[in-house]
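Note that chain A is present in both complexes that follow, paired respectively with chain B and with chain C.
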Partner chain A sequence: MSHPELANRFVEDGERAQWHDRSLWYVRAKRDRAAHAIPEWERLRELAAAIKANVRANLADYLERFEAEARKHGAVVHWAEDAAAHNQIVWEILRSRSVTRVVKSKSMLTEECGLNPFLEQRGLEVVDTDLGERIVQLRDEPPSHIVLPAIHLRKEEVGELFERELGTEPGLSDPARLTEAAREHLREKFLAAQAGITGVNFAVAETGGIVVCTNEGNADLGTALPPLHIACMGIEKIVPRAADLAVFTRLLARSATGQPITAYTSHMHGPRAGGELHIVIVDNGRTGMMARESYRQSLGCIRCGACLNTCPVYRRSGGYSYEAVIPGPIGSTLGPGRDPARHASLPYACTLCGSCADVCPVKIDLDRQLFHWRSDLVTSGLSSPRKRRASRLASLIMRHPRLYRAVAKLARVVAARAPGATSAVLSGWTVSRDLPEIPQRSFREQLEDLGDE
Partner chain B sequence: MSDRLANVRVALFVPCYVDQLAPQVAFASLRVLARFGVKASFVSDPACCGQPMANVGSADEARPLALSFLRSFAGFDYVVCPSGSCVSMVRNHYRGLVPDAAGLEICGRTMELCEFLSDVVGVDRIGGRFPHRVGLHKSCHGLRGLRLGSASELVETRPDPVGELLASIEGLQLVSLERADECCGFGGAFAVEESGVSTMMGRDRVDDHVRAGAEVIASIDMSCLLHLQGLMRRRSVGVRAMHVAEIFDACGGDA
Partner chain C sequence: MSDRAGILARLRAVAVEATPLPELAGDWTTSTDPAAWFGDVLASVGGDCRAVADHRALAAGVEQLCRKLAATRVVSEVDGVAGALGAGEGGGSVAPSEVQLAIVRGEWAVAENAAVWVSDAMVTERATLFLSEHVALVVDRERLLSNMHEAYERIDVAACRFGAFISGPSKTADIEQALVIGAHGPRSLTVFLVG
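Let's look at the complex of A and B:
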């Protein structure tokens, strides 16, 4: 289905849509307070954008440096060209060590690669240990937001889910007690796990270290208990120097949730004593994205979710209306980058208000990319034929002043004599709006009447 | 100030939807410009900057209009337009749409009305009286496209010609909104194509103004206002939508 169809459905439940909008606006407002407390905020954003541009320009060198340094620490580095290769590598590592129980912390990359279903089909138990992710996993749903995976659910719904899945008492909706129930449930999973899989927020080329940021400490527990840690990262996660982290860690949590820093920012250099660390570096279309000048800035995305929280459309249509691994403004440019036909409605799920680009901590030109996508979709014949016909007609009329005047005059006569029919023709507008009173004469006509120039 | 501007050639660009649906805004713009000593010529063609086509991705259909715009206004020092959105199209999207050789010089001197009054004419006070509670709906293309004022996302302070000129009017009280600069949901074809979300966005903007006790919603973009006005009329909300040029014009002034 297209975005408008799913969005209209979301909006129909007005009360829930309002609640969803307000929940996310609350996060945006918290982010504003955090950002405005840093006088050098815009300078940080500029630095972050410049670092990311430098990384894109020298990516191969940085990746090789990172690999060499990580190996010195005893990590095993694997390279995956696409999602299938990534899943196969992870599976081989797990199978050769007879692992059947895995705990996993948040990673949009493994969502992108479909790792969970891939491993589950092979008989493994994969437990997402981030609370929000565990909630959607128990509901057999994907995350609806990249930082707040269960933001579409109310605490009462979580209570019902936990009653069914974890045996908590009926009617439980107190967040603290629900969290406690999840903690107990997850503790068992942590203790039983034979391997921990994590994402990577930053990989430092000069040190070979990786950084994982969480608020729940689940990545730490998931890598400290089992002897095997597999860290999965896209090639764009590289930063050149450890010092660069000072820029990104200041931006990440403030942009994401308005916190000064994530509760846990874990720096890992090699495996823990007696254990193994495998780092899987994945391309999966990223070098292709880098080749397209109009869209390459999207590779700088640090997955903070700020553009989702600020997007007036996302807040009122929900993550699932995008039918993409990553929803919201960043997802609306990444989606068509992977499969333009499938995601053709996403660049139009946007008023071009530009809030996303202004909120983005790495200054990705999101609204410009969505504008550009529209033109690419038209060029490749993927936009709706109706839209193209309307544009052609409008352009034809506007190019010919006399035709413009004649058509406008005719439209006014029709609107005056048959308001019902006019309203029906413009039903997309009149579904919720009254038509304006149509002036008898246009500005151009009135000016001619005045004989003025 | 009129002396300094005596030899400056200023053209008024009246976009199609203002021409057809809100001619009073174009007249108000001319009168306000004249009040501050600017005799603007009206150039009739083209009536469209090409934005509606460009926004849906039809660059090929937008290009002839952009070229026609550049030809028509090439001989002027400034083009003034009572629509932030059209100005943003000219300034931010013509480069890349048409060849550089087409003469893009005028793009940088195509200005929104308040911006022109403030930056070029040097107006800091409109004068006159408008004793009403006004909510300023900051249109996105004016705010983030032309940088008229500080967007709430950014940690910076910029001049806000629209707000400052409104605030300079005696009796006019600017109300403070819960969401200072959220989009109203018009978005051109978006209003029709994504009617559910567009409607909800617009109603939320209206409700914010109603809660703040606004009698008038003011904006530099008639397109946002036509959308908000249509929503308000359907629900019989007693708030007026007025273009800032209409307010400047209505308060008489004393310059």
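Let's look at the complex of A and C:
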């Protein structure tokens, strides 16, 4: 289904849609306060963008360096061309060690690869341990946001879910008590797990170390208890130097939730004593993205979610309306990069306001990419016929000043005599808002009047 | 072609404009009173900072904390603190999942984000840091820095298998954005600044 169709469903429950909008704006406001508290914020963003540009230009070298250093520390490094190869590698590691119980901390990559269902089909118990992720996992849903997976749910819904799944008392909706129930439930899972799977926030080329950031401490519990740790990373997670981490750790949590840093920023160099560390490096379409110059920058994404929180379309349409692993502005450029036909409506889920690019800590040109996608989709015949007709008509009018003036005049006359008519033409846009009043005289006419005076 | 060779070949086949790795040296924000800054930020992330003059004051502070938390199963990895309390030495006698309060030395503290660097070298069992109900970190005041750039300049992150910046207790806001302290890990985090 297209984004407008799915968004329509989301806004049917007007009260929920407004609540969703407000919740995310609250996070956005926290991000603003945190960013403004740092005088060198813009300098940090520039540095982050420059480091990521350098990484793109030298990625093959950095990956080889990372691999060599990681091996020196005793990690086993695997390479996976695509999602299927990634899942197979993880499964082989687990199977050969007879692992049946796995705890996982948040990783958008394993979400992208569909690792959970793959392992579950093979009889493993895979428990997502980030609270939000656990909530959506128990509901058999994907995350609706990359940092706040259950942002679309009310506390009462979580209460009902926990009553059903964890046996909490009926009617419980206090976030503190619900969190406590989840803590107890997950503590058991941690203590019983035979392996921990995590994502990777940053992989340091010069030291061969990986960095994982969480607030709950779930990645640390998941890797400190079981003897086997599998860390899955996309090829783009590389930073060249340990010192670069200063730039990224200063930006990440402030951009994501307005915190000065995540509660836990853990650096791992090799396995813990007596344990095993496997690092799976995954391509799954990323080298293809690298080859497309207009979209290359999106490989720099550090998955902070700031562009989602600020996006007027995401806030009002919800994560599921994108039907993509990653929603929001960054998802709208990554989606068509992966499968243009399937995600053709996403670059249009954008007002081109540019707020995403303004908040992005690595300065990805998101709005420009989404604009660029539209022309690519038109050229390749993938945009909807209605949009193509409308664009052709607009282009015709814009290119002929006389025609433009005539049409504008007609619109003003119609708007004055029959206010409903313009709304009918604009259909969807005026369902929940009115057009601003259209002045009776055009700018040009008003200017001429002034000239006469 | 192996997956590895394929990935590297595809990357090398793309000509990406070369850009230099930027210099990180900069005029980063510092403070003349980092201890006050650290304390304020730590409070804002749900932690508690106690300044103590010396090791004797530290022992008294820890004792007070134990009373406040009604903690009897205490593990200390800080010299001179455990003995005074009769607590388990070096984490030996109490299983990590049973620990009520763990006292661990932090090597560096960063004021801008209240993060304390703790590494494998400071704990017998890594899990202690995350399984204990409460954690207290002990840092020398002279090891208090202003910002993360200073921290990464001084810390050799590759020297230990595990090292973490810990900023406040474990927390979540995954249910309706309501902040809840004590998600999976410690429910409180106290930092003793010594000196």
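Just so we're on the same page, the second predicted complex is superposed on the first by the 393 of 453 C-alpha atoms of A that agree within 3 Å, B and C clash if a C-alpha of one lies under 4 Å from a C-alpha of the other, contacts with A are read in each partner's own complex, and residues count from 1 in each chain.
Simple rule for what comes next: contacts are C-beta pairs under 8 Å (C-beta built on N, C-alpha and C of every residue); 3 or more make two chains touch, one makes a residue touch a chain.
A quick note: this is a predicted structure, and the numbers were derived from the prediction, not measured.
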Which superposed partner A:Pro117 touches (first chain B, second chain C, both, neither): neither
Partner chain(s) touched by A:Ile38 [first = chain B, second = chain C, both, neither]: both
First (chain B), second (chain C), both or neither touched by A:Asp283: second
First (chain B), second (chain C), both or neither touched by A:Ser375: first
Where chain A meets both chain C and chain B, residue numbers: 38-39
Residues on chain B engaged by chain A in the complex (per definition of touch): 14, 16, 18-24, 26-27, 41-42, 44-48, 50, 52-59, 61-62, 64-65, 68, 93, 140-141, 144-145, 151-156, 179, 182-183, 185-202, 204, 226-227, 229-231, 233-234
Residues of chain A that touch chain C when the two form their complex: 23, 26-27, 38-40, 43, 47, 50-51, 53-54, 56-60, 63-64, 69, 73, 79-81, 85, 129-132, 135, 148-151, 153-155, 158, 175-176, 178-180, 183, 186-187, 190-191, 204, 207-209, 215-218, 220-221, 224-225, 235, 240-247, 249-250, 257, 259-273, 281, 283, 287-288, 290-291, 296
Chain C - residues contacting chain A, complex: 2-4, 6-8, 10-14, 16-22, 24, 26-29, 41, 44-45, 97, 112-115, 120, 125-127, 129-131, 147-149, 151-153, 157-158, 160-178, 180, 182-186
Interface residues, chain A side, partner chain B - complex: 3-4, 7-12, 14, 17, 21, 25, 32, 35-36, 38-39, 41-42, 310, 312-313, 316-317, 347-355, 357-359, 367, 371, 373-379, 383, 387-388, 390-392, 394-395, 398-399, 401, 404, 408, 411-412, 428-429, 431-436, 438-439, 441-444, 446-447, 452-453
